Amino acid sequence: MMNKVKVGVLGAGRIGRLHITNLVQSVPAAEVVAIADPFLNEETQAFANNLGIAQCSKDPQDIFANPDIDAVFVCTSTEAHAEMIQRAAEAGKHVFCEKPIHTDLEQIRKAIAATEKAGVKLQVGFVRRFDHNHKKVHDVVASGKLGRPHLVKVCSRDPEHQPMSYIATSGGIFMDMTIHDFDMVRYLSGSEVTEVCAYGAALSGEGYDQYNDVDTAIIMMKFENGALGVIDNSRASHYGYDQRTEVHCDKGCVQVTNDLDDQAMISTHETVEIAKPTWFFLERYNNAFIQEAKDFMDAIINDTEPLVGAKDGVMPVAIAMAAAKSFQEGRPVKLSEIL
Amino acid sequence: MMNKVKVGVLGAGRIGRLHITNLVQSVPAAEVVAIADPFLNEETQAFANNLGIAQCSKDPQDIFANPDIDAVFVCTSTEAHAEMIQRAAEAGKHVFCEKPIHTDLEQIRKAIAATEKAGVKLQVGFVRRFDHNHKKVHDVVASGKLGRPHLVKVCSRDPEHQPMSYIATSGGIFMDMTIHDFDMVRYLSGSEVTEVCAYGAALSGEGYDQYNDVDTAIIMMKFENGALGVIDNSRASHYGYDQRTEVHCDKGCVQVTNDLDDQAMISTHETVEIAKPTWFFLERYNNAFIQEAKDFMDAIINDTEPLVGAKDGVMPVAIAMAAAKSFQEGRPVKLSEIL
Amino acid sequence: MMNKVKVGVLGAGRIGRLHITNLVQSVPAAEVVAIADPFLNEETQAFANNLGIAQCSKDPQDIFANPDIDAVFVCTSTEAHAEMIQRAAEAGKHVFCEKPIHTDLEQIRKAIAATEKAGVKLQVGFVRRFDHNHKKVHDVVASGKLGRPHLVKVCSRDPEHQPMSYIATSGGIFMDMTIHDFDMVRYLSGSEVTEVCAYGAALSGEGYDQYNDVDTAIIMMKFENGALGVIDNSRASHYGYDQRTEVHCDKGCVQVTNDLDDQAMISTHETVEIAKPTWFFLERYNNAFIQEAKDFMDAIINDTEPLVGAKDGVMPVAIAMAAAKSFQEGRPVKLSEIL
Amino acid sequence: MMNKVKVGVLGAGRIGRLHITNLVQSVPAAEVVAIADPFLNEETQAFANNLGIAQCSKDPQDIFANPDIDAVFVCTSTEAHAEMIQRAAEAGKHVFCEKPIHTDLEQIRKAIAATEKAGVKLQVGFVRRFDHNHKKVHDVVASGKLGRPHLVKVCSRDPEHQPMSYIATSGGIFMDMTIHDFDMVRYLSGSEVTEVCAYGAALSGEGYDQYNDVDTAIIMMKFENGALGVIDNSRASHYGYDQRTEVHCDKGCVQVTNDLDDQAMISTHETVEIAKPTWFFLERYNNAFIQEAKDFMDAIINDTEPLVGAKDGVMPVAIAMAAAKSFQEGRPVKLSEIL
């Protein structure tokens, strides 16, 4: 067996720190040896020191040039993802990249080509695949015991509105939020989406329409294997992170509801109350993030394909583009129009 | 207070007998005085006698001509519904009619016009509105305490395939099965559907495609009030009658799951088992049928509008037509193209 | 097959009318031909007429003397139960008797002896045995698939306090309320109670202590088959009728929770609310009462033993006596001290 | 604010390593500087190195004598707990001790007296108090919004039988297993137990009776505040770790069920399956162990009383002794007979 995988992390913002903390505390196969963040400051330095990480710099090149480093986590802003993947690949590093690689398919393909040329692993950060609930749905479907999938359903609602400043540059609901669900339906159905039809509406009065964006959406899909799918999204559930998946098959159905804060029931003359869903993705997918990192380490150590690979970097983006086009043009859009 | 409403029932098949039994045993305000069924036989006669119903004949005219009769339940085959409504109205009887009134909008309008001219009540048999679960969803939405509706979701799956002989003449999944859900989304959203987009697939291998029909469908909808909706259907759940509704609103969500056979949980080393949903509509909507009949009696006695009236006889049929057109033409269809 | 069982009902109070209505409307094998109630008045007469029952009188002898009557439902006040059973038996009628037969074991035994001598059926009104939930627990245990029972648990709480006038003459919580649970544990365990130990407390401040009674109780039991059991009771849950049963066995556990008013969940920023349990026994055990009556008819028609027979008339009363003694003396009490 | 609390851990067996790993990875306020274990071997050394812990020895004195160490975790075998507490206290270290301190009340009192004399904190390892579910029950009761507690219920079942070699020296079910539940009922009721009555049975055929021990038990309790309580235990649920708590109060009830492996439901023609409870305490109380350690650090840093203190080291042991006596003598036993 190989020694620990030595990891450099690019970007020490919210998601970067999440990965760093998990790698240090909960992924024994990993050793974080370096961090590079253009906004590096004393606070980041203290964070790194505290976790025993010696090398901190502002320049990603310090990581690419470090011959000790086996793998890189790309946690920068989205625009830089594709370039970072290319440079990491050229330096012979395995790459884990947060989603999406890019919002331009050509850039994604170039980044992927670089990893293929270099013969390094590429894993894309669709973390929900590592969640115990959604994985259970996938595993039951994939086992074949329910027969062929007929209907794939995903409900995905964020707890509350993001600031409008975020919405302004988010890329729109389909690319920013539904993209996770597009990966999920591919994962659950075991098939590729061939056509989508999207409805959207700005109903909350928060101002989404000024960005031609919506807070509420429903997207229907057709899959190569004949199954149909549907996703419903809301930017604001108000009661927590609502993430339910369901696949109805030839012989029955598998579905998962939300993880709740606790299993309590409080009964009085007035009401019976139960707990709310966990509030947001950090609570809900806490263990999934750890599993995701472990899985990447396994792929490197055992030289196997990552669970979420290059194709998964392309397809959800393409589906999101098709959905946006469908919404704008008021008609179903085939993936062949995009790819 | 008026005396008992004297009722004549047209058609003593499965659904006719259901209404007769309910009216006799569970609707104190009603008195069934006559049955007319073209296929009247000894067995029907015995059924009637057993319930203390004196008058049985093959000719509906015996009911229309009976001056004692206040109201008529139309439980004949679908083709005859519109004509029966007209004749009942012309005879001055209030009319309860099973759904759909007709699959031709012109026929429906003529039937409705007859009831309006005669000044009699018309109630259409969308029984699910009287179900304790769906009614709860409706009532919470209608109360306004969750704010404006954003997303209306209905999952509706029959337990098992009908014989292909039934499918051959059913009118297709949208008119035969989804029609109930189209009424339901109108009821839950408190708004009218303005556009639909339907996907369908024949996945079970049972032969639906030979009738240009499908066993699996997803239908998206837009509503006048801005909300979006989605229905998913399957002809065969295999685990029972799956009827779930949900409305996500401005301030939260209300949803109902299935009534189960019992509240048991059996835990062993191998599995934890709970009960299945009730098997089919007779079990699930047993009490709803009684409530439906009581409500019709109340409308007559108190001279109020039935909960499910003339417009409800028109709209679900029109939406079903739009959905079928959308499925055939592969594009969203506005209701204005139909009405 | 025998014709309809002709039934006379003694007592037309709340529970009597419940049985009468069920027998008339929902038990096709029964025909209620006569009612006798010492407090017979016009309102009772109207109730009877409305259901098509011709014979009404104040004197039970009118029922005993009627040669057409096959079976008698004893729904009088508790004190009269034993005498009515005896007289009915002597008149050759099968007897259904509401629980308890008497609070004196000698009286119970005399009544039972009369039915045995006359060769008529005796069924005692422990209605919960016919509830779909508790029956499921029983059936799973009785099937043997979970192995031998180890722990039998019953939680039984009434929704709200009875008036103190009721408590004054109720016979105490063990005889009035827990008696149902004592029958239930026998039914679920498939075994007889050999020893009980009871704790009780008057905690609500409602004045139970002035009658040496309690509003809260826990009772442990030993069974002949080695299993242990426990019941917890409260006179006032405040949230509805709380009736849960559970049997833990050699290989696993079967448990049932409450039937709820509906399957709704309402989620907002403040709370997630679900429905309350059905409010009281009339709602909860509505169908069980019908099943109970049908089962009695079956026993008569097929000449089989009633599900709840003579021994079930004796044992719960004896256990209640033992529990009361245990509570008063602060020690475990063996059933052999009572029987 | 004080610097990190420097911790020495006595005992590096299963529970010791659990605490060490948690302290290092998940409790930022703690720094584990030393381990002492009489069975220290290379494997333990490697475990320590891996976590960056420099000092490892076989002799606890190396920890007591280290002036840098602020606090000690006593994770040795039970017999040594009391002595270790005393020596740690005399060395001026705060002490966290796994439960029970001792099975002899005199020894417990001496250990506690030593900590009081030294003015150091003592926290006892009743980890369940830090579980999100049971804490929710406690918090709701303690808030007073449901009024005074009437009934406290705990169901606690281990997933499978321990080896008989373990049972031989376990001290019996009440001291080994129910002791956790005795602490739990005190925590939930907010009151002390004044009397217990225990039933037990060896039903599994595994040989418990040869050690005068049982695999199944029910224990009733009276509390100082008037409430009643009941615990049911099984050594083998077979379906996972079953840990449910419930408090019925003056105005309603709060209850928690088990955490499950996932939120999946799989519905087919044959069954509807849901997930099993998490398998054992390590899965179920994983986060509770972390909370427990954090809470101890907080108590040290802020100089507050630990949530689980000296009295909690005495009372559960005394109740377990009373329960064992009750079981042996077949009568209720007052705590005043023990204390």
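Here are some notes:
Letters A, B, C and D mark the chains as written, and numbering starts fresh at 1 in each.
The rule we apply is simple: a residue touches a chain if its C-beta (ideal position, glycine included) is under 8 Å from a C-beta of that chain, and two chains touch if they have at least 3 such contacts.
Computed from a prediction, not measured in an experiment: that's the story for all the values here.
Between the chain pairs B-D and A-D, more C-beta pairs are in contact across A-D. Centroid distances built from C-alpha atoms place D farthest away from subunit B. We define each chain's centre as the mean of its Cα atoms; on that basis subunit C and subunit D are separated by 42 Å. Spacing of subunit B relative to subunit D, judged by their CA centroids, is 57 angstrom.
In terms of their C-alpha centroids, the spacing between subunit A and subunit D amounts to 39 Å. In subunit A, the residues touching two or more other chains are 237-239, 242, 251-253, 265, 267-269, 275. Residues of subunit C touching subunit B in their complex: 25-26, 28, 50, 52, 132-133, 136-137, 140, 146, 251-259, 261-269, 275. Subunit D makes touch with subunit B in their complex at residues 237-240, 265, 267-269, 271-277.
Against subunit B, the residues of subunit A that register as touching in their complex are 148, 150-151, 153, 155, 157, 197, 199-201, 203-204, 215-218, 220, 222, 226-230, 232, 234, 237-239, 242, 248, 250-253, 330-332.
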